[in-house]
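In the two complexes below, subunit A is the common chain; its partner is subunit B in one and subunit C in the other.
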Partner chain A sequence: MSNLFDLVVAGLATGAIYALVAVGFTLLWQTSQTINFAQGEFVMLPAFLMLAAMHVGAPFWLAIILGILLSMILLGLAFKLLLVDPMMRHGVLPLAIATMALAIGIKEAVKQFFSAEASPFPSIVPTGDVSILGHAVSLQSIGVLIVAILAVVGLTTLLNRTSLGHQMQAAAQNPTVARIIGVPVERMILLTFLINAFLVALASLLITPIYLAKFSSGEVLGQAAFIAAIVGGFNQVRGAIAGGLLIGVLDNLAASYISTQYRAAVPMIFLIIVILFRPQGLLGRAEERTV
Partner chain B sequence: MSGFAKPLKIALGLAVVAALIIVPMNFNRYGLFILSQWAVMSIAAMGLNLTLGYAGQVSLAQGAFVGIGAYAAAIMTTHGWPLPAAVMVAIVLSFAVGWVLGYPALRVQHHYLAFVTLAFSTLAFLVFRNESWLTGGIYGISNIPRPHIFGLATNKPLPFYYVCLGSLAIVSVAVWWLIRSPWGRAFMALRENPLRAQSLGVDTRRYTLMAFAIGSALGGVAGALYAPLTQYIDPVPFNLSLSLDLLMMVIVGGAGFYFGPFLGAMIAVLLPEWLRFTEGYYLMLYAVAVMLLLIWSPTGILGILDRTMAARRTKAASALRAVAKSRLETVQ
Partner chain C sequence: MKSTLLVGALLTAMTATSALAQAIKLADVAELSGGGATVGTNWKNGIDLAIEEINAKGGVLGRKLEVTHADSQSNPGVARAQVQKALDAEPYVLLGPGYSGSVKVTAPLAAEAGIAQIMGGEAAELTQAGNKFLFRTSFGQQSSMPKVAKYIHDEMKAKTVAVVWVNNDFGRGGRDVIVKELDGLGSKVVADLSTEAGQADFAADVGKIKAANPDAVFVYLNEEESARILKELKRQGVTAPLMGETTLIGQKVIELAGDAANGARGHVGLTTDAPVDLIKAFREKFSKKYNYVPDHNGLKGYLAVYMVKATTEKMGKVDPKKFADTLHGLTIKAADEPGILMDVTFSDTGDIDRQSFLVEVVEGRQVVKQVLPKVK
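For the complex of A and B:
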């Protein structure tokens, strides 16, 4: 039983990071019908920006701030203005393909300008274990969970309790009507891109100490977040959170109880079943926009 | 392309085919390998173009079918079977699996369908990697023989390039015929307006499954050629990124255009090679080129051509109209 407890806690910690990435993914889909195949690379890049800042002599805390700001400029502002805006009105598929090309571009750029090898990354949480209910739980897992929960609570408060959040929801659900009642739709869309950039930078900060900074590490992560978003509900923030946690735990349990070789298959099979029997996702609502 | 006169089009086509036969004769080994790879990828992309470009069913699993075909060919030819038999098995196998993969398309569409096929693609990769009793696992299958065609050995790069080119020619003719047959029209009806297609008596269920099965079968053909081309296969080339690459080829070339896959495969296979002189930057430049192209023309390269042709036709038509109008006025 102790084994199961440890697995679930570790799974929740990874799942919380998936959830952050998946939430950003669904936000982009809701406001601009962008399926971002580069989302995994978006998580990989900020860690390298922070490492680069530390290379030129910035202390860790300053590197974190610079890294987050730079990712919001590059992965939020520039991504929207240069790639999404010109392509948005041409439908989902060409833009999705363009983000695939972007993923290749980011990976290659990191490989070329930084390193092809994995680099260690400092952790914001001290290493060590604490005892909870007689189980040793790593401080890292707890720290990751706390930061992720704070981020998610902050985001849901923003979306549901503030006027700004209501405007964002209106812009996502019905841009035409939102425009009529005076919501600055364009600015709201830009805001979701900035929020996504912030979330991936945060996820990068949390996950890189565990898996090291490597140019190719976005592939697995992007796919996990992708599945989490669909399983939970493509058009719901809380769906993406639930999906992230579920996939994190499922993946960990599958690795130790089913087979390490086929651990990646379990979330996939789960994904196929969910899409076929509940395409709107476990917590999502049926989509009316796409016929 | 309809702006050209018919004899001109035929002459152009013959010139391209002649160039593909004659020019590579003094290419080195590597150049021939790249060109053969272009031919193989064109076949796979043509299959995906049928599924996606003509029938409108998004698939992120074409790479998995190339893998199925490649493993079928590798396993059979290393056990002494001739390649044509292996190609037949690859076709039947990918057709059957593609048919089954078509069933989700009856329930869900667009991005949901893309996700189901994406999951399938990953599952197929796991089977290639883990079922080592059949596929050799991560060590793969080596010493895949190249075939004897009409008693001629094709071990050298040039003869095998002609095998790939010949197969591409056969597939091209078959696809040309298919999209002009009632089936091709049914596929397009499926893409444009499934509801109306159904009310006009098109069996949309059957044609959806067919679109998947035929497109996948062509992926299998490409795989069955890929195995003897590289003479060694392992699971890595058949992961999700091959499916994404093939999708990129179809979109970049121009989905729903007959010549789209040829151009798309050319860009995806040859452009990185041409950019090799930039050393570490070549894939980066390739990615930027693809993004710029899609920003400029989201319908791909042939989309640009299509638009200029349409613009020219409109111009020509309005010129004719002006002439006709002035004539009418002089008569009056």
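For the complex of A and C:
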């Protein structure tokens, strides 16, 4: 039983990261019908921006701020203006393919200009354990969980409790009507891109001490978050959060109680079951599209 | 005037062509990116260092060495395509890859082309398929695992052992040999855990090890995953001694795992911490050129080039067809060829016999605890 507790806590910590990344998937999808297949690389890149800042002598806290700001410029603003806007008019599929190309581009660029090897990354949470109900739980896991929960609570408060959030939702749900009632739709869409960039930078900061800074580390993460978003519901922020946590815990439980050899298969099987029996995701709503 | 210019241009072209023809061309295919980037980058840098040294001293039989590097992306499929491309350029010898899975799918291509392949793979099966052109730079698992099992049984006095391995050709090969050897010695395998390459979360695996409560844990993963499991083993308070191979106690693992690597032990065919003067000199040269301390893969790449040099000088000519025959059964002594670093003998299957080391990580450094002599 003690084992179960450890597994669930570790799974929740990993799942919280998946959730942060998966939320970005749903935000971009809702506001601009963008499926960003470079989302995993978006998580990998900020860590390297922070490392680069530290290489030129910036202290860790300044590197974090610079990393987040640069991420918002590159992965938010530039991504929208230089890739999404020009590709959008060609449809959802060409845009999705363009993001795949972007993923390869980011990976190769990091490999070329930084290194193909993994680098250690400092942790914002001190290493060590605390005892909770007689179990040693790593501070890193707790830190990751707390920061992820705060980020998600902040985001949902923004979306549901503020005028800005209501405008963003209006822009996402029906851009035409939103425009008529005076919502600056373009600005709202840009804002979601900036929020996504902030979330991935935060995820990068939290997960890189565990995953290590490596050009290829986005692959696994992007895939896991994509599965999480589909399982939870691609069109609901709360779905993405639930999906992320669920996949994180499921992965650990599968490894422990089913087989370590088939751990990677279990989330996939779960994904297939969800797609078969509840294609809109566990918490998603069915979308109707005009033909 | 025109004709003078023409003659001049022709002469220049001819001189350039003959200089090119004189160079001995080697082709390297290595894991320069992907999961094996640490392996491939060290291997490549080792090769470049050796070639630079040899060329600075006048080359091999008066001819310079030249190498082309290709990236397998740590993917056997890509490795196969890159090796085919490299072989099409008719190199003298093929170097790499480092991953056993990639070696397995590329070895038949080199054999078919009749080109000797000097590689870094350690899976037991590689040299057991009757390939007459394949050569190792380090011990195969069939040579190293019996030494490891014996150490776990005799020195660690472990009656029960947990075995953690990475689910690829390298991991499975090692797992099969060690489980058989431990069984033969009477040590019981109480947990047999496969993990995925690139796995980030080892909480479940370490939980299982803890539950099995073994006397020793044998860890057989790639470098980055080794670092992650070491951290998790420390976090969950596993106190059983940890034993592995080079991949558990390599420089990169120590850098990534930090404190968690302390106390881990490993059998190492090659280490830059070996108490051997020539290896110490190599380490110094490498660190000076690349600004980091190489792991055993840097040594492997370096040795591969010196194997080419020693074999070619033994033949007295550059003959790709006779290269493999000459290297089979050859003993190269460090006294005659300092670049080979330690005396080594190649068997008829391309396996090597050389002294090896038992290493422990003490305060973030590899410390050689025992030197295990050459078998013959």
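Definition applied: the second predicted complex is superposed on the first by the 288 of 291 C-alpha atoms of A that agree within 3 Å, B and C clash if a C-alpha of one lies under 4 Å from a C-alpha of the other, contacts with A are read in each partner's own complex, and residues count from 1 in each chain.
In the analysis below, a contact is a pair of C-beta atoms (placed from the backbone, for glycine too) under 8 Å apart; a residue touches a chain by one contact, two chains touch by 3 or more.
Note that the coordinates shown come from a computational prediction; the quantities given were computed from them, not determined experimentally.
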item	value
Which superposed partner A:120 touches (first subunit B, second subunit C, both, neither)	second
First (subunit B), second (subunit C), both or neither touched by A:154	neither
First, second, both or neither for A:251, with subunit B first and subunit C second	second
Touched partner set for A:261, first subunit B, second subunit C, both or neither	both
Subunit B versus subunit C as contact partner of A:6, first or second or both or neither	second
Partner chain in contact with A:220 - subunit B first, subunit C second, else both or neither	second
Which superposed partner A:129 touches (first subunit B, second subunit C, both, neither)	second
Partner chain(s) touched by A:184 [first = subunit B, second = subunit C, both, neither]	neither
First (subunit B), second (subunit C), both or neither touched by A:279	first
Intersection of the subunit A residues that touch subunit B with those that touch subunit C	111, 261, 264
Interfacial residue positions of subunit A with respect to subunit B in the complex	35, 37, 83, 86-87, 90-95, 97-98, 100-102, 104-105, 108-109, 111-112, 223, 226-227, 230, 234, 261-262, 264-265, 268-269, 271-272, 275-276, 279, 290
Residue numbers on subunit B that touch subunit A, as the complex places them	58, 104, 107-112, 115-116, 119-120, 122-123, 126, 129-130, 240, 244, 247-248, 251-252, 255, 280-281, 283-284, 286-288, 290-291, 294-295, 298-299
Subunit A residues touching subunit C - in the complex, by the definition given at the top	3, 6-7, 10-11, 14, 111, 115-118, 120, 129, 136, 138, 210-212, 214-216, 219-220, 251-253, 255-256, 260-261, 263-264
In the complex with subunit A, residue positions of subunit C that touch it	32-35, 37-38, 40-41, 167, 193-196, 198, 200-201, 203-205, 207-208, 210-211, 224, 227-228, 235-237, 252, 255-256, 258
